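In structure tokens below, several structures.
Two complexes follow with chain A in common, the first pairing it with chain B and the second with chain C.
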Partner chain A sequence: MTAIKLENVCYAYEADGDKAAVNAVDGVSLEIEEGAFVAVVGHNGSGKSTLARLLNGLLLPDKGSVTVFGTDTRDEKNIYNVRSSVGMVFQNPDNQMVASVVEDDIAFGPENLGLQREEIIRRVDWALEQVGMSEYRKSTPFRMSGGQKQRLAIAGVLAIRPKVLVLDESTAMLDPKGRREVMDVIHALNKREKMSVIHITHYMEEVLEADRVIVMDGGRIALDDAPHAVFARGAELKKFRLAPPAVTLIADALAECGADIPRSVTTEEELEEAICRSLSKD
Partner chain B sequence: MRDVAFGQYYPVSSPVHRLDPRLKIIFTVLYIVTMFFVASYFGYALVLIFLLSVCGVAHVPPKAMFKSIKGVIILLMITAVLNLFFYAGETSVEWTWWIFTVSPEAIDFALKMMFRLILLIMGTTILTFTTGTSELTDAIESLFKPLNLIKIPVRDIALIMSIALRFIPGLIEETDKIMMAQKARGADMESGNVFKRIKAMLPVIIPVFVSAFRKADELADALDARCYQASPKRTKMKKMSFAWRDLVAFLIFAAFVTIIFLDKYLWGGLDKYIVEAFNALIG
Partner chain C sequence: MPIVVKGLSFAYGKGTPFEKKALDNISLTINDGEFVGIMGHTGSGKSTFIQHLNGLVKVQEGEVEVNGIKLTSAKRPKPDYKKLRATVGMVFQYPEYQLFDDTVIKDVSFGPKNMGYKREEAEEMARRALRLVGLDPDEVGEKAPFELSGGQKRRAAIAGVIVMKPQILVLDEPTAGLDPYGKEQILNLILRLKKECSPTVIVISHDMDEITRYASRLIVFGEGKVAFDMPMEQLFEHGRELEELGLETPTAVRLAAALKARGIDLGGGIVNMDTFTAAVLKKFAEKGAPVKEFSGIDWFGERAEGGGQGAAAPAQEAADDNGAADIFGEGL
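Moving on to the complex of A and B:
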């Protein structure tokens, strides 16, 4: 089933002084299936964050339409249905928290929805468990690591029980360990809870873990394919100012020299295995 | 991150911490009012004993309570000196030197006023020592709920308060960072007179403001994304309810207030009896 459908969507920010309004998102059509893990990449100003904000009605399209589980985001009466089905996590975890105690912050979403007390408590428990932070229920987030804070921000969004999770560069401010923590959490949600994930990122290693990658350039979709197919394009990626991850580069280089390495390897383990296999064959 | 002790909350578990925060706010207000009815030194001693016992039950070191006066000590001194020399009531004896006139009544008045201020500050800090900021905002929200009837958005105001409190440490950290960045580029913020120093703060204040607005933008998006205002009837996860310990606290507090009022209106200040008894004792 289609979770989100975009049809020829255009969006321009208001003209700023003498700069004319340019479409930040320019004629994007796209369908996202339920349960998919989609990575969105593109250099700064390619329109990826604008695209993200169009998905849950924070921004409304100038032209075209965004449909979330059959509801148009411009339908004002149902905007909160849209926002509760598409949860959004932002870049800086510090700017997403409203309360100084973990459980109060996570309860914010369900409280807004006007749920019963027991249901709110159940959801807070569930959300904390999903991100592996149950023991921090009563603590304050001030002294936590970036990865922990971002996991809490995810829990805060999970508590509204979205079917789609949009992460707008949510790993950009984290150290490698924090990034891994967040990636593990969203992979688990994708597999266990069948949640669709739309992950906007700069890190190509993270892109490799997705089922599908969308490359944005100048507000349009430049490429839309499986990660290995996108990275197999090699030099063409430079046009979009993207650098393939090391694993892909090594595999490509080895394959070019005649080694029997499939171009679809995405992880270090796969690469290692492929190299061993090709060596033992000789 | 710098640990900003806003109101210096003492995160320990005690019966006072567990009291209903609404009750604690009401107690504090009543305490402030009661302080203006304390009539004798006996009364002030009683207040001090009361505060110290509350500290004991709350597992808050009394030293922390006394420390709270440090910030206002200059103000206290000025008040005491002014009261001492400009006492306008009736006086029995007067000692005059140059333009200064001092009387026993003035000394009495100045001392009492100083005790009153000190005890006022110490008493109110117990509230912030034993109550977390989120509890405080929840309690204020609950206490002001009747204002909803005249269309005052109490819930929103409480949310604004809690967000403001939550962002204070972040903004202080940001200010520190920007100050260091400006110092690294050769800004001089520590020398010169007051005006020069205020002017030197400008390159710090402007980036802090810009960053605060940026944070506010992102926060607004985050609030919207989490369905803020989705339902006209927002619910609450935390329920505040009275327990037996609240009743006990109420009775103790009521007894304390009663003695203070008895001292003023019935006994007319126990001091004179104590002085008499003391005089009788020594001879």
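Moving on to the complex of A and C:
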């Protein structure tokens, strides 16, 4: 089933003084299947974040349409359904906390939905369990690491029971351990709960873990393919200001210097294998 | 003159129930002309440490000496903070959030004006600083900072720091949140600043693959202590301990270990993707394969000279190069 469908979507921020309005998202058509894990990449200013905000009606398209499980985001009566279906997690964990005790913070969403107390408790329990933070329910978020805070931000969104999780550079401010924690949580949600994940990132290693990668450039979709196939395009990525992951960079440099190594290698095991094979040949 | 730190300890909320030790008996020396990478997970003490370097937090225990300016817990003699802050330029995380004035030129000249320079002098210094970070003062000078792109904003914010010609430049995760090309550009800018303005550079980074290509020395913080401060090659023999500190070894080091386990020994000195690639190509050459000369990985074709321990190993040269060029045209 299609979770989110975009048809020829355009969006421009309001014109500022003498500068004409430019489409930040410019004619994007896209379908995201339920249960998919999609990475979105592109340089700063390529339209990724605007695209993310169009997915749950934070922004409404100027032209074209965005449909979330069959509901148009411009349908004012149903906007809360749309927002409940598509949860957003942003970059800075500190900006996403509303309460000084973890369980109160997680309960904020379901409380606003007007749910019964028992149901709220159930959801808080469930959400904290999903992100591995159950033992912290009575703690305060302010003394936690970035990775822990970001997992709480995810739990806060999960308590609304969304079907799609959109992460807008949610790993950008974290250290490697914090990033791994967040990636593990969203992969588990994707596999276990069949939650669709749309993950915007600048880290190519994270892109490799997705089923599908969308490359944005100038508000349009430049590439839409499996990660492996995207990185196999080599030098073409430069025009989107992208660089492949370290392993592919090394493989590319070896091939460039004449060594018999395929350029499209994306994992350490593949590169190790390719070097061994090539060196043992006569 | 170097940075000498002796027995430095620091706790937040000292004397309260929330007292938390951030630094625990740190001693180290950073010499002129070094490019030091500082690593460690969130809460390891690295940010508290760099904040000591220009007196943003007061020394509680131990001693910090920067270019002869001594900082201790004693109230007197009062250190010359003005001179200290002109010596150590501090670029915080996401520095573009600190742009505040209504034009770029006013923002960048704020520092020198505050230090007592006349408006014309201060603005001339700001124009030079903007040029140095790769912005055209005639084009962006009168613009509001908000009109600049993300990468330009970060450059403008860096200009506001280097406008005072600090001998020591400290940057806290300068590439956070940038796309790959933006990262490469900022790293190249740092190399340029090291050469032309601030001979000693200290960078906090989380990216092993990146920092090993630029820094000539890594200092790893863990639980408020200096966990490792040794040549990179030795450091990466401590893979498991690094992992316990929430850090990884570079991709290249892991690959070299995997190849060694399969009987291909690339020898010593592998600390980053450049040294790894060079060593593998050497193996190919020994087998008689026709391989071309390798001068370092340069994906975007814009890599500046003088970074890290590359194939051409310009690191030492760069580290010894204390004679910063006189880009301000007034003698250093």
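Miscellaneous remarks
Here, the second predicted complex is superposed on the first by the 250 of 282 C-alpha atoms of A that agree within 3 Å, B and C clash if a C-alpha of one lies under 4 Å from a C-alpha of the other, contacts with A are read in each partner's own complex, and residues count from 1 in each chain.
The working rule: contacts are C-beta pairs under 8 Å (C-beta built on N, C-alpha and C of every residue); 3 or more make two chains touch, one makes a residue touch a chain.
All figures in this text were calculated on a predicted structure; none of them were measured in a lab.
Looking at the shared chain after the overlay, A:Leu115 reaches chain B, while chain C stays out of its contact range. After overlaying the two complexes on the shared chain, residue contacts for A:Gly258 are found with chain C alone; chain B is out of touch. Contacts of A:Gln150 after superposition on the shared chain: neither chain B nor chain C is touched.
By the touch criterion stated above, A:Pro176 is placed in contact with chain C alone, chain B being left untouched. In the overlay built on the shared chain, the residue A:Thr50 is in contact with neither chain B nor chain C.
91 are the residues of chain A that lie in the contact sets of both chain B and chain C, per the superposition on chain A. Chain contact summary for the complex, chain A toward chain C: residues 42-45, 91, 145-147, 169, 172-178, 202, 204, 238, 241-244, 246-247, 249-250, 252-254, 256-260, 268, 271-272, 275-276, 278-279. Across the interface of their complex, chain A is touched by residues 41-43, 93, 149-151, 176-184, 206, 209, 246-248, 250-252, 254-255, 258-259, 262, 264, 273, 276-277, 280-281, 283-284, 287, 289-294, 297, 299-300 of chain C. On the side of chain B, the complex with chain A involves touching residues 1, 3, 132-134, 159, 162-163, 165-166, 169-170, 215, 218-219, 221-239. Across the interface of their complex, chain B is touched by residues 53, 56, 58, 80, 83-84, 87-88, 90-92, 94-101, 103-104, 107-117, 120-121, 124, 142-143, 156-157, 160 of chain A.
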